[in-house]
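Next up: the structures, one after another.
In what comes next, subunit A is part of two complexes: it sits with subunit B in the first one and with subunit C in the second one.
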Partner chain A sequence: MSARLLVIEDGSEYAEFARVFLGEELVVEEAHSAAEAAARLAAGDVALLLIDLRFERAPAEALVGDLAATAARLFDGDEARALRYLQDQQGTLILEALRRAGHRQPALFVHDFPPRRLANLRALYGDVSAVPSFDAAAIRAALRAALARAAAQGAPPR
Partner chain B sequence: MSLASDERRRRFARLVHDVAKYVARTARNLPPPPAPVPAWAAAMLARDLYETAPPHRRASFLLDEITRGLDPTPELDRARALLAEADSLEREVRAADETALRRAASIAREVELVLRAAARGTP
Partner chain C sequence: MAGLLLVAALASCGGASREWERAEALWRDNDPAAWAAWRALGDAGEEGRRARARLAEADARYRRGIALLAAGQAGAREELAAGRARGPIDPALYLPLARACRDRELPRRAAALYRKYLAQASGAAPDDVAAARAELAALDEPEDPILDEVVGVAPARRLPSTALTVGALAAAAIALAGAIVLLVGAVRRRRGRTLAALAASEPSLQPAIALLVGCLRHELLKHRVLAVTDAVRALSSGTARPGEREFLVARLYGGDPLPLAWVGHLGAFIRALGPRFDLERSDPGFRSAGRAVAEIGALRAALVAGERSAAERLRRAHERLVAFDRALAELTRRLTHAPIDRPLVDEVVAAIDAERRGAGAPEVAITVGALPEGVRVEMYRVDLALVLRNVVRNAVVAAARGPAPRRVAIDGQVTLEPTGEEVVRLRVRDTSPEPIALEAAARASGRGLHLVTSALARVDGGLELAPGGDGYAKALVVRLFRALDDDSEDAAAPPLEATA
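Take a look at the complex of A and B:
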C-alpha cells in the first residue's frame, strides 16, 4: 500500500517514527493543529490519521476547545486546570472537530486507552483504533486493518 | 502532604505518555542481535533517552520532574535507577558503541514496562 497518512501532533516524534518505520508502505504528512489538519484533509487524498493525544507544547490559542467555557463547565472557573484538560485531551478534541467537518478517515492513537474509553470514542467518532506503545509491527497491522475496513465500506477519503 | 488523587492520576498518565512511551519508541523496534544497531536507530535511541519528547529533556530529568511530590514506589525507584544507568552510558550510546546501545535499549524497554506497571497500580 502507498496510502497517505496524516500525522497530527504538537512535535515531530510521531512523524519521525512513521517515516522511519512505516515509510515503505505509507506516504507520511504532518499537521500540528486542528486547523492545519482540516486544511490538509480538505485538499483530499489522505487515507489515515495518526493522532497524538497530549498537546502540551502547542500554544493555548491553537488548541481546540474554549478555555473559559471548559473552566466554567468542568472546573469551577479554574482556567489552569481547564488548560491542562484541553492539552491532555487535545487529540480526541481534534478528532471530534475533524469528524464534525465531515472527515471520516480511520484514526489511530498510540495510547493505552481503557476498553470503555475506546468503545466510547468509537461510538462517538467512528473508526478509531489504539495501540498502547510505539510498536511498529502493531501500528502497521492496525493501519492495514483500518485501510481494509475503509475499502470494504467503499468509503473514499474526503 | 499527599497529592490529591486526581493529580496523582494525571502525573502517572504523564509518566506513561511523556516518559514510558517515548523512551521506548526506538528501543522496541530495533533489529534483533546479531544484526548491528543501524546508525539512524542509534541516533533516534539517543534522542529518546537524552532528549525525550516532550519537551526534549533527558528522560531521567522528566521522571524526576513529573514524580516530584509523589510517594516513592518500588516501580518509580526501579525506573529512576534504570534511567541513571542510561545516563551513565550516554557517551558510549552517542558514539554508537554496540554494547552500550543494546544495554540502553534494554533499559528503555524495561522503563516502559515499569512505568506502565506503576500507572496501573495508581489508585
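Take a look at the complex of A and C:
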C-alpha cells in the first residue's frame, strides 16, 4: 500500500505537481491551513508532509502566528510588515504548530533554504528537508529518504 | 500519439482572453482605465478571479503607501512600487495620493495626480471633485523621478506661450540643448548598468529590486519554468508520459503566454526603476533569459507537431532559464550582506569618541562587550555604519550631559526564531537618565533616529528600548535579521538553541 503524503499549501500547485510526478508511489492529500492539516493528521495514516513556505493567498485570519505580537516583537508595531512576514514564513510556522501538537512526520519544503537555516529548522523540528526547486527526481529522492529514516527509527506516523 | 496528446492538451489550454490581454496592455501603458478594465473581467473565470486577487493585493499596498507618504514615514515608495508590481491603481486613490504629495511638498506630482483624478472622476462625489479642483488651483507647481515612475505620473503639460521673445527663445534653445546632453548622459549611464550594478550604486532601490526579483523568480521561474524540469528532460529523451506532457503544456502555454508574462515582469521593473532602465538591453542575463523565453514561446507549434528537434531546443532554452534563476538567487543573496563585527563597532566608537573630544564634551567611557562572531546582516555596510554611528552618538551625547560616572556599553547577541531565521540584537546602553521618545524621534524628519529607523525598516529591522541593567539607565537595541545565505565560515557553525 502506498504511503500517504499530505500537501499543505495555500493554492493547489504543489498538490497538482505531486499527483502528476509522485502519484505513482504516494497517495496525495491536501490541506490549506494549519487547522486543516492538524485535523487530517489527527485521523492518522499520513507518512510525509510537503509544505509550501509562502501563503500569500491565505486570509490573515487563517495564518498561524499572532499578528499584533509579531508586529510588536519584530516590526516596531507595523502590522503590514508583520502580516507579510507571517505570510512569507507561514510554512515553517505551520510546521511548528504541527510539531507542538505532536505530529512528527518528516517534512519537506520546496525552497532553496541556506544550509544554516535548514540546520536551524532541523534543530527546532526534527526531520526537515528541502529541495531547491520543483525537480521531481530530487523531491522523490528526498521523500524516499525521509520514509527510510522514519522506518529506521521505527516511529510510526501519528 | 504523443503529438495528438499534445495537440489535445494545447487545444484545451486556449491561452489568455482578448479582454485580459487588453486589460494587461492598459496596465502596462499606465492607462488610468486599466483598473476598470481589470474589474470588468468579472470573477466568473480564472482570469477575472486572478485579476480581482491582484487588485486587492495592489490596493492594500497603494493604500499603505499613501498612508506612509501622508505621514512622512519611510517605506512609502516601496509600498507604492509593490502596488504597481501587482496591478493598476483604483482612480479613486488619485485624490488621497495627490493630497499626500501636496502635503509632502511635491506640488508637480500632486498637480498631475489631481488632474488624473478629475479626468476619471465621473462617478465621484461632487464635493470631492469640487475640493480637488480647488486644491489643484491653489497649487504652485514645479523633485522625485522615482515617485513619478512609481505612480505613473507624466510631467505637467504646459501650453506654449505665443509671446516668447527672441531672447527667451534663444535661452530656451540653450537650456534644451543642455537638457538633452544631460539626458543622453543619464540614459547612457542607466542603459550601461546591470541590475546588480544598479542595486549596488543605489541602495534605496534595493528593496524594490529584491521584491521584483522575488516576484519574477516565484511566479514565472519557479512555478512555470523550474516546475517543468522533469517533463522537459523526459520530453527531450523521448520518455515523457502523457501526464507529464499535459503538465508541461499547461505550465508553459496555459494562462498568460510565457512571453507575455515575461514582458509583464520586465514592465514591473521598468515601472519601479524607471522607463529608461531596460533590462533586456542593459543586462546580459536578462537578455539571454528573454531570448530563452521567446524561444520557448515560439516552440509551441513545433512541439505540437511532435518535432524531436523542438524538444531539444526546449531543453536548451530551459537550461538557460534555470541558470538565470540561479544567477538571480545569487544576486539577491549578495546585494546587501554586511558583517556586524568588532572592526565595524570599533571604527564607529573611535569616530564618535573623536567627535565628543572635538566638541569639548565631558569624558564618556565606552566599552565594547561580547559581539557575535562571523555574523552578517542584510544591509550595506555604509547603511549599517550610519545606523550604529547615530545610535552610539545619541548614547554618548546623552551620557555626556548626564551625571558621572558617564558610561556607554555596546554588546550583541543572536537569537533563533521559530521560522529558523536568526535575529541579531546590538545593544547600546548609557547612563543618561534622559528618556528616549523613540516614536516621536523616529517620525521627526531629518533627525538621526529618523534616518536610523528608515534604514532599518528597509531591511525589516528596527529599534527597541530596553532596561539598561548593571548601573546603566537604559538601552537602545538595533534589531536586524541575520543573513543566513552567505559563505562565511560561521554559516556552517552548529545551529543555535531555540530561544524564541
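One rule holds in what follows: the second predicted complex is superposed on the first by the 157 of 158 C-alpha atoms of A that agree within 3 Å, B and C clash if a C-alpha of one lies under 4 Å from a C-alpha of the other, contacts with A are read in each partner's own complex, and residues count from 1 in each chain.
FYI, contacts are C-beta pairs under 8 Å (C-beta built on N, C-alpha and C of every residue); 3 or more make two chains touch, one makes a residue touch a chain.
Since the model is a prediction, treat every value here as computed from it, not as a measurement.
**Student:** Can A:P115 be said to touch subunit B (first), subunit C (second), both, or neither?
**Tutor:** second
**Student:** Would you check which partner chain A:A123 touches, where first means subunit B only, second means subunit C only, and both and neither mean what they say?
**Tutor:** second
**Student:** Can A:D76 be said to touch subunit B (first), subunit C (second), both, or neither?
**Tutor:** A:D76 contacts subunit C only, not subunit B.
**Student:** Applying the document's definition of touch, where does A:A141 land relative to subunit B and subunit C: first, second, both, or neither?
**Tutor:** The answer is neither, since A:A141 touches no partner chain.
**Student:** Thinking of the overlay built on chain A, is A:E96 touched by subunit B (first), by subunit C (second), by both, or by neither?
**Tutor:** second
**Student:** Starting from the residues of subunit A touching subunit B, keep only those that also touch subunit C in the other complex, and list them.
**Tutor:** Common interface on subunit A, subunit B vs subunit C: 13, 16-17, 20-21, 54, 56-57, 112, 133-137.
**Student:** Quick one: in the complex, what on subunit A touches subunit C?
**Tutor:** 13, 16-17, 20-21, 54, 56-57, 74-76, 78, 80-81, 85, 89, 92-93, 96, 112-124, 133-137
**Student:** In the complex, go through subunit A and note every residue touching subunit B.
**Tutor:** 10-11, 13, 16-17, 20-21, 53-54, 56-57, 84, 88, 110-112, 132-137
**Student:** Contact residues on subunit C for subunit A in the complex?
**Tutor:** So the residues of subunit C touching subunit A come out as 53, 57, 60, 64, 79, 218, 222-223, 226-230, 243-244, 247, 325, 329, 416, 418-423, 442, 453, 457, 460, 462-464, 479, 484-486, 491-498.
**Student:** Taking the touch rule as given, give the residues of subunit B at its contact with subunit A in the complex, in rising order.
**Tutor:** Going by the criterion above, the answer is residues 10, 13-14, 16-18, 20-22, 24-26, 28-29, 40, 44, 53-55, 112, 116.
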